[in-house]
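Multiple structures are listed underneath, in structure tokens.
Each of the next two complexes has chain A plus one other chain: chain B in the first, chain C in the second.
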Partner chain A sequence: MLFFSYFKDLVGREVTVELKNDLAIRGTLHSVDQYLNIKLENTRVVDQDNYPHMLSVRNCFIRGSVVRYVQLPPDGVDIELLHDATRREARGG
Partner chain B sequence: MVGGLRIFTDRVGDGAGQPVLDVNNGEGLMHVQPGVSIVLGNRASESPGTLYISTKQVVWLSDTDRTKGYAVDFLSVSLHAVSRDPEAYTSPCIYTQIETGSEDNESEGSDSECNGTLDLSKINEMRLVPSDPNLLDTLFEIFCECAELNPEPIEEEEEVHNWIFSADQMEDQTLEGEDSGWDTSLNPTNSIGFSNGDHDLTRTVLELQIDDQRFEDAEEMESDSNSTHQ
Partner chain C sequence: MNHCNALTSLKPDAVALKKLLVLLRDGRKLLGILRSFDQFANAVLEGACERVIVGDLYCDLPLGLYVIRGENVVLIGELDLEKEELPQHMTRVSAAEIKRAQKAEREATDLKGTMRKRMEFLDLD
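Entry: the complex of A and B
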């Protein structure tokens, strides 16, 4: 549940979601669920050459299982905190 | 379940009605929306039709051609969105991307028709255009609900992972008494890399004693004449 909690804290921030099919979508994180399905608002496609039809969609729901990366705002990341939290999570503690 | 779009022709009754669902496995109808056109990939819009959203899949059935219908599982819908940008598409619609499972994305749209027959497995974009654009937000929300009902299936009970964080942790592992001699028996716990089944790989690695004589350097033969190279 670590990343679920982590992403919940990022709601309202700008993120870029890169999918496994290489599409990258930028938008405001609206919500996230336990499966890491992501809802974005005010989305726009980062790479317009490959998916020009998408352009700007207002709201977008992205299935968690197709996400490759979520690019975070630099000031939204406390690296030490994440390190400790992931180690604890992996140990089951 | 096949990934991606597929033909769907199974209709209730004499063929005029709703799609046949897998009720025995808990599939239920969530929403019916008449007056919806469907656009597959770069093809022309197809209409008139009715959209049936079940707990497992999206089904579109033609109102006029009873042999025409398409369906896709929510497991294959990578993303969905409300598209109101006229530059993206002339009419407001629900835009969806479909995961086809094929690595080859080069031929999206362009090869979806070969010799006139439609190859649904190559379609990775689908638009649903309701006659009333005010319905889009509702349809979007229903898509969200159904997507949440269809998370990735878990294959089996998740095993407890024995992650190693430090060398200290390895020394804590309890070892069975083992002599370091040659083990000629076919005992799987002594086989390197034998990881099938419920073996604790950590323990298997630990049983591989570092000072095992199998790792000693080969003894050089005195009679070898190393100095002569030709």
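Entry: the complex of A and C
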């Protein structure tokens, strides 16, 4: 539940989601759910030329299971807070 | 009942039925109208077609009513009707021609693979 809460706090920020099939999509985080499925708005594909079928896609739903990375703005993370929360979660379980 | 909240806003309302693009794990691109979904991202696509793209050629193969198992879904995208779905330089061709192009691409990839295998003894990288 930790990362679900963390992503909920990031709603409205610009992120780049890199998928396991190497597709990378930049967009505004619209919503996230318990499976870490992601909905992005105002999307642009990073390497557009290799993905012509994505040209007119501006909003998309991404299944959580296919995400490799979620790239965040440098000021998107309070690293100490996240570190502490993770330690607590690991201890408490 | 657990709901796939992120998907909820993609479900079309009665007035505007949106054409969606579904990317599958095997690389296929399906287009159609989303009629149903659940918490696993299982989906029902009406009037589905598969958009096959080989280089600058493309073809839409009609499929009809499809039920997609959620584990195969990579992405569901909403196509902006005011924008071009594909770049201008791409040409629409017939099913027969796209199948020929797919075969040619497959053979080229296989050839590239065998050539690489033959060069392996050189131990370049």
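Everything that follows uses one rule, which is that the second predicted complex is superposed on the first by the 90 of 93 C-alpha atoms of A that agree within 3 Å, B and C clash if a C-alpha of one lies under 4 Å from a C-alpha of the other, contacts with A are read in each partner's own complex, and residues count from 1 in each chain.
Please note the rule applied: a contact is a pair of C-beta atoms (placed from the backbone, for glycine too) under 8 Å apart; a residue touches a chain by one contact, two chains touch by 3 or more.
Source: prediction; values computed, not measured.
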Inset, instruction - Have a look at where A:Arg91 lands relative to chain B and chain C in the superposition and call it first, second, both or neither. - result: first
Inset, instruction - Tell me which partner A:Val32 touches in the superposition: chain B (first), chain C (second), both or neither. - result: second
Inset, instruction - Name the contact category of A:Cys60: first (chain B only), second (chain C only), both, or neither. - result: both
Legend entry - Touched partner set for A:Leu19, first chain B, second chain C, both or neither: both
Inset, instruction - Pick out the shared contact residues on chain A: the ones touching chain B in one complex and chain C in the other. - result: 19, 21, 23, 25, 33, 35, 37, 39, 43, 52-63, 65-66
Inset, instruction - Enumerate the contact residues on chain A facing chain B in the complex. - result: 19, 21-23, 25, 33, 35, 37, 39, 43, 52-66, 87, 90-92
Legend entry - Complex interface listing, chain A residues touching chain C: 19, 21, 23, 25, 30-35, 37-39, 43, 52-63, 65-66
Legend entry - List of chain C residues in touch with chain A within their complex: 2, 4-7, 9-10, 21, 23, 25, 27, 29, 39, 41, 51, 53, 58, 70-71, 73-81, 83-87, 90
Legend entry - In the complex, chain B residues that touch chain A: 77-85, 87-89, 95, 97, 99, 105, 124-125, 140, 143-144, 147-148, 151-152, 160-161, 163, 165
